[in-house]
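I have placed the structure first, in the form of structure tokens, so that the comments after it can refer back to it.
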Amino acid sequence: MNRDEVKRLLRTQHIETPSWAYGNSGTRFKVFAEPGVPRTPYEKIDDAAMVHRLTGVAPTVALHIPWDRVDDYADLASYAKDQGVAIGAINPNVFQDDDYKLGSVCSPDPKVRRKAVEHLLECVGIARETGSKQLSFWFADGTNYAGQDSIRARQDRLAEALSETYAAMPANMTMLLEYKLFEPAFYQMDLPDWGTSYMHCLQLGPQAKVLVDTGHHAPGTNIEMIVAVLLRAGRLGGFHFNSRYYADDDLMVGAADPFGLFRIMHEIVSASAMDGVAFMLDQCHNIEGKVPALIRSVMNVQEATAKALLVDADALTRAQAEGDVLSAHGALMDAFATDVRPLLAELRDEMGLHLDPMQAYRESGYQQRIVAERVGGTAMGWGA
Amino acid sequence: MNRDEVKRLLRTQHIETPSWAYGNSGTRFKVFAEPGVPRTPYEKIDDAAMVHRLTGVAPTVALHIPWDRVDDYADLASYAKDQGVAIGAINPNVFQDDDYKLGSVCSPDPKVRRKAVEHLLECVGIARETGSKQLSFWFADGTNYAGQDSIRARQDRLAEALSETYAAMPANMTMLLEYKLFEPAFYQMDLPDWGTSYMHCLQLGPQAKVLVDTGHHAPGTNIEMIVAVLLRAGRLGGFHFNSRYYADDDLMVGAADPFGLFRIMHEIVSASAMDGVAFMLDQCHNIEGKVPALIRSVMNVQEATAKALLVDADALTRAQAEGDVLSAHGALMDAFATDVRPLLAELRDEMGLHLDPMQAYRESGYQQRIVAERVGGTAMGWGA
Amino acid sequence: MNRDEVKRLLRTQHIETPSWAYGNSGTRFKVFAEPGVPRTPYEKIDDAAMVHRLTGVAPTVALHIPWDRVDDYADLASYAKDQGVAIGAINPNVFQDDDYKLGSVCSPDPKVRRKAVEHLLECVGIARETGSKQLSFWFADGTNYAGQDSIRARQDRLAEALSETYAAMPANMTMLLEYKLFEPAFYQMDLPDWGTSYMHCLQLGPQAKVLVDTGHHAPGTNIEMIVAVLLRAGRLGGFHFNSRYYADDDLMVGAADPFGLFRIMHEIVSASAMDGVAFMLDQCHNIEGKVPALIRSVMNVQEATAKALLVDADALTRAQAEGDVLSAHGALMDAFATDVRPLLAELRDEMGLHLDPMQAYRESGYQQRIVAERVGGTAMGWGA
Amino acid sequence: MNRDEVKRLLRTQHIETPSWAYGNSGTRFKVFAEPGVPRTPYEKIDDAAMVHRLTGVAPTVALHIPWDRVDDYADLASYAKDQGVAIGAINPNVFQDDDYKLGSVCSPDPKVRRKAVEHLLECVGIARETGSKQLSFWFADGTNYAGQDSIRARQDRLAEALSETYAAMPANMTMLLEYKLFEPAFYQMDLPDWGTSYMHCLQLGPQAKVLVDTGHHAPGTNIEMIVAVLLRAGRLGGFHFNSRYYADDDLMVGAADPFGLFRIMHEIVSASAMDGVAFMLDQCHNIEGKVPALIRSVMNVQEATAKALLVDADALTRAQAEGDVLSAHGALMDAFATDVRPLLAELRDEMGLHLDPMQAYRESGYQQRIVAERVGGTAMGWGA
């Protein structure tokens, strides 16, 4: 692909940031508070808009309900528009009420299941009101002890809840169904792997697709393999990007395994699927500044994408066809070894952006401003 | 379930032993030779028949082609019948010719793919001739290096090969499609997980089902969850049982994780699926005696099954419905804590067997006899 | 070992419960509140005393400072004594102040390190005041991103802090040094494995020993191997028992891997080390009742110990010496297959206890009483 | 570090290739034969010399005994010298005789242990004769089943064997003690982790150091942490480099995790330890050409080293001291993002080498020559 085509595609790539990543987050051991953190969903949108202003490729922000509950969602959407961004995926939360101790849509208690489904339906409504086209569903449901509940019965309950919600979606809305191996449940999760999500999506219909969170797999899982298989089946909805060394560490995407991120992007580029897939971040910035961490994360996705676009597809395909292992591998590695920072600086220049968004942020005074202005009130937090 | 019903079900459980487990096996570092190992498929059947004579629940033996290639399969089946056993699943081998260096049905070379499909079709024929109703397909296909081949193209080739083979199967035959995370390929396997196997089975039709080898998962994978989900979808074909601490260690089933085996059997019992599932062993006895290791393995599956059958289903269901975590878990653990060896001795007594198959083997003189008789010729080996 | 000797040893085994396990706990996603949870360290001691009254083998309770900070530690110790228990290990907490965002004793900031060391020294004092002989040190220190800090400099700081604290310990006090692979730090922990703990213990002196938390290892780690090696080196201080399927799940010990627990106890019994090792629980009861969960956990350790004591050591040693793999393994498995609940009931009967502590708890009315009495005030929580 | 200093250090880096990597290798499923593979240790040296001629930084080749057994080691060393290389580490093999089924130096059978120690002593002699200064010890010892042997007794036997061998070493020889989590033993390995190797090294004396094989760890293990800790203790002997996605995959170093390799090199550079550490490859080229795979591997180590040398140490240290997480991480990532291929081409030019060793190999006609010449005889293989 020539340099101009690479830049053209990079310009069209949209990377969604999550509202919750602008708030405080942490582990079960401690949530460290940071000054300047948003106190309202509106302030989160301010931060997301700042990330978009500096990177040019982060035009939407995902909401998490009820963390981002407001009285008037149309007003929130309008506010976002004024800041230059739009509302992205709507993420329901069915894991933080005391009722959900034994699960939400999979709970043995029908009243709890009803409550959970009502919240899912509420989120369909919020998506309509905010103009969002995507519901992003992650369920914390599962059990901690063998025998605690019937795995099979929980699948039936899950299918029923999803089915009712799916029926309520308008035709232009997509349900993205996320899976996770473990945490917060430690014996089994009700949607532990892509296979289970895929099975439910098939039953639901074409508007249901699988969402891949890059931190939600067992050690050793080849994520780009899942990406390739789901793309082939037309069921890859998108990503929750982040990176990890161990479990669901939720570090900045590209920080722990830049080569892995590149391999994922290579599968997407190979399948010409750049615009069919939702690129969303889902991270926790426990010890680093939130806004700059998100800027850096967006840049990391861009760099991996640029490298993937630079792969010499002809050379690669030829070597693959000839069974020339070292040359085929070499064609991929040549792209990964390339320093794409100059190319991206060039792109930013063409887009009227600062060549280095990190430096631009430091020079902007934004951080000092939010620290000064956001005093009083309650800082928003992941999980609050 | 009352004691008699438990015994009745245990009596009907069939555990298939694999012909290759009677031969020498090892790791890439060394295959240690053991005296008395079979030199022909007929001698393997002798050993399998011995295991069945002592345990009463291992009436079939799986074949591996070409390791068990003979001129006259009908004769082999007839010989088996005379020894009191029958031919079980037919396992093709498309990984040990030099042609298969870059894969078999997924190879970039169409001639290699053709050769592989021809072998699969040959195995359909062998199943017909031996009266076997099951094809058990495991593919070593995959790549070692990122970029080596197109993941997606390989999926297409796989689908095509399976489709042609499926079309050749008679209506009463089942294709069991196995998956494996890694080894012998170390970047990606073309069938790495149950989701990919399931996806291909769906495309093929109702005679294709997923085969779960208990050693073929990433660390931390909850296998009984997969079992439950596949049973619910009607696509669990059966098992290749073995046990492991690390990777595909192929140790005796129940030796490394007896509690995990019990949890698997609990899902099957809960789904009343005891007879719809093929219980097959797939193990390597690298350092222990092969025949007694298989006897012990069959006993281990029986013990886990007996414990699963002894679960107080009413107490369990009640506690689950009440959300009583400790009591529900306790109901399961009570069954696991039970010493079922007396029950199994009773069952064996009723079946006219020695109460302790291991002791019966030691007392039988069989081992001494095969060591004495099986001299000259080439000992058969796993991978040879 | 004969039955009487087994019972005698079981009677002498002491299993310490942790004060924090009686409070609320959870994951980063949610801490579910339970009625009746203690509001003060004194109420935690009440609960621990109840566990000891019913099991007879849990005579001490570990404290966590500052969660269990009181004005008068001598009074707390005296109160415990009145309830029939004693204060066990003192656990400092150097991870929940905002100052500790980048570490405690390993922080790049010398003022933070000073603060952390002062807290360690305070805990030496609390141990003196409460009559405790053990300091149990776990550090959450580590980094999230490659390059964030110098791994080597952090080791130097750690060594310095430990050295100062060690020097302040009286001669009859032991420093137990815990390690953990990951969480809350996700790139590297400063004490990630037993080797690093051991290295620091060697430098400190004979009063420093390694503490093994069974949930703090990489997947596949053979924990009993670590136990055996540390026992041989005279450096196994004790355990933080719990169980897990995935990461540091902190489930009830014996719930997820009863066979693994048995193998650990077998190493201890084989080394005749029953009284040189501290058996401590460290668990989170996120969704189950806390007091009964701890009773059950104590029972699980007892059952595993009983099975380990029942191993036919002569038969085992003989088969091992002969290289008889199946018989040696069989000797171990025979003990594991044994139902030891009758033996433990007999022991409890001899100790004047109810035969079934779980049932005794249900019948005691204790749960109803604490739910009724403990209203108002703030429920204590893990991490609060 | 300035560019000239970087190049100076890169020029001094020595990367040892292993004789066995030039022969055929594979998995337990199949060893694929490649034409042109060496038939004698002399031909292996020819290949190693070719790798050195093209890369300029691979001046030694490790031997594996008995795979490389010759009548006259002085002659072999002299032959190597004539080809421009020298004999590197001597690797004994105590895992491929039938005697070693239950272990070598840890076997329960004293005769087997004696035989193993004699072989170790033989290797001390071979090191003397070939002028090698390093013994590289890896033991396949371990057990497959819980109870199979006494873990503790095996440690005692190991210590005894190492001690006798250590005593026979001349003062200028180093014993490098390797560890491995699993394979070929699947319950426990007698040297499973760096801690156990370190413990034995401490007991032996200053000439014993730990050897880190990058493929021998549990999933999630932070290898650079081990490197840092061992360097600090003065006990890092060196590496067996390779790369992996899953287990001990033995892929080309840098192929699966280039960022991980860089992080390891960063620890070494940070500790100014470039010349105290043995950089050795230990790989299996199952499906790719052996000589070019080794050239590529040497280049991969060079690239990672170059990036590590380019880290702006001042900026890094400053950001670390300030607790500026993003800048510190950024300083490291900037070096990793750099394309060092031009710098290495420049270095090669200065060394009188072809700028691209892979292309130089293709143009050399060497591969065609060995395929043509090496017919007849038995191709050497890993494990043969």
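To keep things simple, chains are lettered A, B, C and D as they appear, and every chain counts its residues starting from 1.
What we mean here is this: a residue touches a chain if its C-beta (ideal position, glycine included) is under 8 Å from a C-beta of that chain, and two chains touch if they have at least 3 such contacts.
Chains and their UniProt names: A, B, C, D = L-rhamnose isomerase.
Owing to the predicted nature of the structure, the values given are computational and were not obtained by experimental measurement.
I need the common contact partners of subunit A (L-rhamnose isomerase) and subunit B (L-rhamnose isomerase), sorted by label.
Common neighbours, subunit A (L-rhamnose isomerase)/subunit B (L-rhamnose isomerase): C, D.
Figure out the least number of contact steps between subunit B (L-rhamnose isomerase) and subunit D (L-rhamnose isomerase), where 1 means they touch directly.
1
Write down the chain pair in B-C, B-D or C-D that repeats the interface of A-B; the criterion is over half of the contact pairs matching by residue number.
Answer for A-B: the repeating interface is C-D.
Return the chain pair with more inter-chain C-beta contacts, choosing between A-C and C-D.
C-D is joined by more C-beta pairs in contact.
Report the inter-centroid distance (CA atoms only) between subunit C (L-rhamnose isomerase) and subunit D (L-rhamnose isomerase) in whole Å.
For subunit C (L-rhamnose isomerase) versus subunit D (L-rhamnose isomerase), the centre distance works out to 39 Å.
When the centre of a chain is set as the mean of its C-alpha atoms, what distance in Å lies between subunit A (L-rhamnose isomerase) and subunit C (L-rhamnose isomerase)?
Chain centres of subunit A (L-rhamnose isomerase) and subunit C (L-rhamnose isomerase), defined by C-alpha means, are spaced 37 Å apart.
Among the residues of subunit D (L-rhamnose isomerase), which ones contact at least 2 other chains?
101-102, 144-146, 181-182, 187, 219-220, 222, 245-246, 255, 259, 287-288, 325-326, 329-330, 333
Sort out for me which residues of subunit C (L-rhamnose isomerase) touch subunit B (L-rhamnose isomerase) in the complex.
219-220, 222, 245-246, 255, 257-259, 287-289, 292-293, 296, 303, 325-326, 329-330, 333, 336-339, 341, 358
State the interface residues of subunit B (L-rhamnose isomerase) toward subunit A (L-rhamnose isomerase) in the complex, per the touch definition above.
These residues of subunit B (L-rhamnose isomerase) touch subunit A (L-rhamnose isomerase): 102, 108-109, 144-153, 155-156, 181-182, 187-188, 192-196, 198-199, 202, 217-222, 224-226, 228-229, 231-233, 259, 263, 266-267, 270-271, 316-317, 320-323, 325, 328-333.
Which of the residues in subunit B (L-rhamnose isomerase) come into contact with subunit D (L-rhamnose isomerase) in the complex?
Contact set of subunit B (L-rhamnose isomerase) toward subunit D (L-rhamnose isomerase): 25-30, 32-33, 95-96, 98, 100-102, 140, 144-146, 181-184, 186-187, 219, 244-247, 249, 251-252, 255-256, 286-288, 382-383.
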